[in-house]
Amino acid sequence: MLIDTYINLSYLVGAVAFVWGLRLLSSPDTARKGNILAGIGMGIAIVATLVAPLTGADNNYLWIFGGFVIGGFAGWIAAKKIQMTAMPQMVSVFNGLGGACATVLAMAELIKYYDGMMQMSLGQLSIVLVTLLIGAVSFTGSMLAFGKLDGFIKDKHVILPGHTIVNLVLLIAVLVLAVILIVQGQTAGIVMAVIFLVLALIYGFSFVAPIGGADMPVVISLLNSFTGLSAAAAGLIYGNQIMLVGGILVGAAGTILTVLMCEAMNRSLMNVIIGGFGSAGASSSATDGDQVAKVATITDASIQMFYANSVMFVPGYGLAVAQAQKVLKELDDLLENNGVDVKYAIHPVAGRMPGHMNVLLAEADVPYPKLLDLDDANAALKDTDTVVIVGANDVVNPAALDDPGSPIYGMPVLEVWNAKNVIVLKRSMSPGYAGIQNPLFFHDKNRMLFGDAKDSIQQLVQEVKDM
Amino acid sequence: METALEFFNEQLIMIYLLIFTIILGFEVISKVPTVLHTPLMSGANAVSGVVIIGAILLVRQAEPTDYVQLSLGTFGVILGMVNVIGGFTVTDRMLEMFKKKKK
Amino acid sequence: MKIGVLAEQQDKRIAIVPAVASKLLALGVEMCLEKDGGIQSGFADSDYEGVECLDRQMVKDQSDVLITIHPLPEEELTGLSNDTLLISEFKPFFHQDVAEKLKKHGLRAISMDMIPRTTLAQSMDVLSSMAAIAGYKAVLAAAARLPRYFPMMITAAGSIKPSKVLVLGAGVAGLQAIATARRLGAQVEAFDTRSAAKEEVLSLGAKFVEVEGAKEDTGAGGYAVEQDEDFLKRQREEVQKRAMNADVIITTAQVRGRKAPVLVPTDTVEKMKDGSVIVDLAASTGGNCEVTRNGEVYQYHGVWIIGDSDLAADMPQDASTLYANNLLNFLKLVIEDGDLNLDMENEIVSSACITK
Amino acid sequence: MKIGVLAEQQDKRIAIVPAVASKLLALGVEMCLEKDGGIQSGFADSDYEGVECLDRQMVKDQSDVLITIHPLPEEELTGLSNDTLLISEFKPFFHQDVAEKLKKHGLRAISMDMIPRTTLAQSMDVLSSMAAIAGYKAVLAAAARLPRYFPMMITAAGSIKPSKVLVLGAGVAGLQAIATARRLGAQVEAFDTRSAAKEEVLSLGAKFVEVEGAKEDTGAGGYAVEQDEDFLKRQREEVQKRAMNADVIITTAQVRGRKAPVLVPTDTVEKMKDGSVIVDLAASTGGNCEVTRNGEVYQYHGVWIIGDSDLAADMPQDASTLYANNLLNFLKLVIEDGDLNLDMENEIVSSACITK
Amino acid sequence: MLIDTYINLSYLVGAVAFVWGLRLLSSPDTARKGNILAGIGMGIAIVATLVAPLTGADNNYLWIFGGFVIGGFAGWIAAKKIQMTAMPQMVSVFNGLGGACATVLAMAELIKYYDGMMQMSLGQLSIVLVTLLIGAVSFTGSMLAFGKLDGFIKDKHVILPGHTIVNLVLLIAVLVLAVILIVQGQTAGIVMAVIFLVLALIYGFSFVAPIGGADMPVVISLLNSFTGLSAAAAGLIYGNQIMLVGGILVGAAGTILTVLMCEAMNRSLMNVIIGGFGSAGASSSATDGDQVAKVATITDASIQMFYANSVMFVPGYGLAVAQAQKVLKELDDLLENNGVDVKYAIHPVAGRMPGHMNVLLAEADVPYPKLLDLDDANAALKDTDTVVIVGANDVVNPAALDDPGSPIYGMPVLEVWNAKNVIVLKRSMSPGYAGIQNPLFFHDKNRMLFGDAKDSIQQLVQEVKDM
Amino acid sequence: METALEFFNEQLIMIYLLIFTIILGFEVISKVPTVLHTPLMSGANAVSGVVIIGAILLVRQAEPTDYVQLSLGTFGVILGMVNVIGGFTVTDRMLEMFKKKKK
């Protein structure tokens, strides 16, 4: 009685920890605490499950702890070793394994069922099959998403002609098979169950295949909500509330997060899933021949500014064209209020007339001491965390220093690549006044933020305010 | 039909709970800044590792000689544990960069 | 009643502009104007509709009210008929005998510079409107002389630091100078002894030079009072420090009825950078700069000294328009049904009338 | 090798300032300067450390390289030793025989105005640095002359509308003029035939006057090409409309090697408001305004016409500094180990060298 | 069976409607829909309750419908007739009646109980007593809050010396009596229950008494959450889920709302409840002799701007002192983006030098055509919805027109009182340059928004952005 | 104690529901702009009128002759109805001014 109460209470606490953890996770200030809280909730739930009294059970703790050690170690190493930039694909892998776990649970039930070791009601059988299906789709889907994100699987490798039709056919096949399995009950046999599993796995793969590489984060979020649902379904199998509540919670949160992610990309979820579009449209890089310029999102850029100790703006003619000097000052003020040291590097020929940048920045009331000329700026750039180039181009062209064939070879430029991160705000890859391509755009440290400078900075202001 | 109705009336509170949980899931997320989309996804993924509870129960309930069930269960535990530990750890790493400050 | 407007002899402005003339006519008075009186401000005689254009003597003979900006020289007073009302800037605080002289000739006189500096009278306050122009023009004159840029310029041919402008006396002219210099991109500092001035200077985005212990007399109707010697000394030291760094100094400090205080002594000027500019708007009352020569522009020790209290005359068209508007607002007060009615109960009229 | 710097005869600037002189000495050359050459720009002989100050003839006799801003008059060329390198603005596009004459005297010459207008050469581009000053000064000159306020003023003595400034030709000088006029609070419109100019004008917050169908030659190295008659006519009409409303017109339009286009014909000037100001920076190549007199300031039909292509000389100190920096950047290119090395492979050197 | 399902389903739908309704209510765009949705939920719940089959019940529908008609009519009339400005006190009344309803229900149960018509477990009795207590406190508390807000009860009428002690004693007495009632069970008798009721009613009154009039909105919100809790407790009595869920929901929402309201006032809830402070501190008006200048909150002001068709800013010297010209332009842009027509009225002598306002507004890049001079502005003011006076004083002084004794009598001023609403932004009631008091501040149409103009405008910008 | 534990274990789902409802109540409100404080308070107040359900049940369950209960119940219905109708109507009136537009 008492022990039951404790177990139930633990599950309740665990469930609330999940809810509250996710809640805290959705605000930058508290996100870390939220993650830890959810983790603690999980720990409580696991411990409660381990000590819960089971009638007639043999416990097999050795197996369990063995599993803990292997799985825990693998997960920990993977999470610690992975590079910052590769984290999304890591999440995808973890998510796939969660789905696989649910599939395994469902298979275990089915084996018992078809062995005759256990009976199931129609409802229960349906739940098990749902668990299996969703878990399997989540598993292969996540793995493909991982492959695409990591780049070793290219869209063109996996997209079939008429892929939408193929998917539809597969889906129907899976559903029909499920109905057959339910109707036939125990007479269906394990083989048919395995066929069902295989079909589900194939469908998961095929579901993700046509979706463009750039849309993978959305897909991972969607698959994540699938995994949540499979966990909830598994919770029904075991009559376990925390699995149910936790799973449903993730299912709901994942769904809404997916929708939000689509909105942030100005796409509909349908549009993403039907795919094809994604691979062509929101390409994650701009190429020139075989060189690839990496693209930053507003979010990336604002994080790189907000969490920097020092930011250097490099204004150019584009700042003037966009008439973005006042919003730039607003961004400056915001960052300064958050303890970021903001300076402006003024190249002598930036703009289209001598002193062009001075005129603009004076208009925006940027105090004179914040303006560094070429030499001071180059000295300061080495210790700068983030350089934000606002519509400048020729004045930050490294070819001036290292390409004797370049028409601007020999001109002193702002050596922005000495800073830790560089972000270039411009509308396209087109060259500046001198009409020459800028190798900086393809530099490792650089990310492009395409768009009119004023628009981009306005969005950055909004984003930084939200932090 | 009858059974469904019965189920509904019996499990009424459960159904309330499910619906409220769904609303809560929506609500909790609906105003998240885009900066947090990825960490939040990662965190939610870690929570979905709760499926490990099922795997633990499976192993605990299995006959010590039923190696099929035991292996499956243990495999499930491993998979789930990777999801849980890896998920929370990777989320924490993502969130490290938020630790600095607040206006 | 006839109002006569004379051309200025030492100035490009004219006291009444065509737009104001027609408004005056609408009040029921007659008007005459000295021929070609407005030509230098850009107003031809033909622009003055309904106004007779006569030669100077005729205007003087026919008018009951005679308007000029600068007072008529004494020799011209003799021919005027008794009780003629003269409206000019007589500056009775500096020329203490002027009222006596006028009375001797049997004339009545309104001195526009004696209009009280109250909120109500501001629309008639020629000192304000002319001082604002002077402040604006002072900066332009300085910028035109200065052999350096006002704004900062980072260019391919080198970086130019912004010029430093120091404004001494932050009254109407001083504030306008501050605003104009800031617009042109200079770094502006200012100083004044009135305590309200600090806030006013800051309100224009400039820096205020602090010198502690200034005397204050709020009873002086907004005008500054004379400061004691110790204060003036400390202040001169502070100013000297700033002045040595300044590219441009604009001084506007006046004390009513007294010689303007010396804020920039000779040795300060000598320490200034070559080519720097001092614009002394207090030149006519002795100048805030020790080496100022009233009405002259010359170089002292490599520093340009512009001693001109009448810079408003350099912008004759707008200056005349504003001046005329001020006059119109005042005349509305004293003209009733086309006739003169000097109501000495009215504070504005009684302050301005110096021959009562 | 010895570099000689001569004083300017018609100008307050000096080609080399003390700070640049010491940098040149550091390159291993010797230097001499005509006595008191920098005095008008605010630089005394004593400021030039390590530079011999000699009289004019001695400088000419001793120098291997002779630097001036304006070219030496022909009579002074005779005494020079063979192979002396002259560095000046020879304007060979306008004085097509200048190269011949110099060769006749056995002299080599670098014309600073022939430095290509490329990004790389911008730090040596004296046209740019001087044009920027001219644009800035043009606005100050106009504001100083204009009998009206530039900014809008709503005051107790009436409301003043902001002045309208029209800038024709939005090159370096035009853009700087736009920026300066905007700073002073004027309403600014601008026009240029180059298509890139529109964006550049808008980037300074001014309005662009649209005239359709301008000819464009991007091959002309950034310089404008001549436009056909129909276009010029429509443009003149548009300009005329704007000009009638403008208080200030600043013209900077030049076409390389030709007489400047006439953008403001006589009848337009006649229709302008009294007291308005035209500053014609193209005066030296014939002027954009039909009634411009080069080097003169006079009133035509009540409108001030300021015909001055050398406004930079009015700000001698900064102008000299910038000019000298441009020279320094160029000389670094041609001085190797203290000796002259004119590398004709180098595009900048070969374009600038007019006697090859 | 089927009918039960429908009833249950209706309650479920009703509960979800409540949740979703409140959710929609918390965003300006959807608030109205949210209210309607919650109302529909209520309707569904009521209908379901009416048709639910009750074993052995006689229904007494006539009584019920009678009650509906009387109560509905009274509520509707009251809500429709009340003035906009008196709405908060109306809410307070409604809330009090809700609490009274719960009290009545509890009394009905107690009567049956002490009559011996019904038995109750200890738990049930406790619940009934809790319902009674909370409902009664909510009732009298709300009524006093109403009286205070409406102004016919003054703080000084009801505050006793040492009121906190009095309240504590009362609370203890109530609780002790409750324990006695529970322990004695049916032997306690109806008289003791009535004493309990009376004590609870007194406590409710006394609880609110020391809290300052300006804090009443917070108190109403708190009492509202009490009413919610009493409804939930009543739900437990009747075993009715929608009462339970709805009540708990309101209890939670009301509590958090109370906290938010305190935060918005920069106070803690404790601070508000202990009282005293409130009556002195956040006074809702500034007085001069017997004249009272009404104060606007940031929220009031931003609503008056955001929902206006035309807004006229009147800048004065205070704008310059606060250096608020750029934020003012930001506010202008925001409003323009929302379809508000924004103009600036420039009085000729505003500021401290001729053209002072022109210089400032040019710096902020306000286009010239937006500036109206005295005559144009006075013509336009008649059709202006909201005038916002930013640090101006003498130039909007009506005494110049109608008080011959005033030193500025005769000067033309901006006749801002011809507009629909006026808001004055300044730091205090102190006079301007001319040193004379400004009757405008006490004008009916005017509200003061005290604080540095830049601070105030920055807050307005934030608030308008949130709308 | 025993009974409390029993109650807890039996009503587990109910307790989940209550806690989740409370969280939901918090969540739904926590980001409301100050402009909406008063209307929201008013709306919440209207919802708290759900107590009328109890009054209806009271009347319906009462003996037709038990006038005490009938009167009390009907009084409750009246009070509740004022709260419900008045509450929603007044909230709607407050919200009228928000109807105009959205950026």
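In this document, chain identifiers A, B, C, D, E and F correspond to the written order of the chains, with residue numbering beginning at 1 in each.
In this section, a contact is a pair of C-beta atoms (placed from the backbone, for glycine too) under 8 Å apart; a residue touches a chain by one contact, two chains touch by 3 or more.
These figures come from a predicted structure and were not determined experimentally.
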item: Chain D and chain C - chains in contact with each; value: A, E
item: Selected pair, greater C-beta contact count between B-E and E-F; value: E-F
item: Residue-number overlap at the chain B/chain F interface, same or different (half cut); value: same
item: Of all other chains, the one whose Cα centre sits farthest from chain E; value: D
item: Chain of greatest Cα-centre distance to chain C; value: B
item: Centre-of-Cα separation between chain E and chain D, whole angstrom; value: 69
item: Chain C-chain E separation of Cα centroids, rounded to whole Å; value: 56
item: For chain C paired with chain F, centre-to-centre distance based on mean C-alpha positions, whole Å; value: 74
item: Chain A-chain F separation of Cα centroids, rounded to whole Å; value: 41
item: Chain D, residues touching no fewer than two other chains; value: 122-123, 128-129, 132, 151, 153, 155-158, 160, 183, 185, 205
item: Residues within chain F bordering two or more other chains; value: 13, 16-17, 20-21, 23-24, 27-28, 31
item: Where chain E touches two or more other chains at once, by residue number; value: 19, 23, 245, 348-349, 354-355, 359, 362-363, 365
item: Touching residues (chain side chain D, partner chain A) in the complex; value: 118-120, 122-123, 128-129, 132, 135, 172, 175-176, 179, 183, 199-200, 202-205
item: Sites on chain D touched by chain E in the complex; value: 151-160, 162, 185, 187, 205
item: Residues of chain A that touch chain D when the two form their complex; value: 317, 320-321, 323, 348-349, 351-356, 359, 362-363, 394, 400, 407-411, 433-434
item: Residues of chain F that touch chain E when the two form their complex; value: 7, 17-18, 21-26, 28-64, 68-70, 72-103
item: Chain B-facing residues of chain E, complex; value: 1-2, 4-5, 8-9, 12, 15-16, 19-20, 23, 241, 245
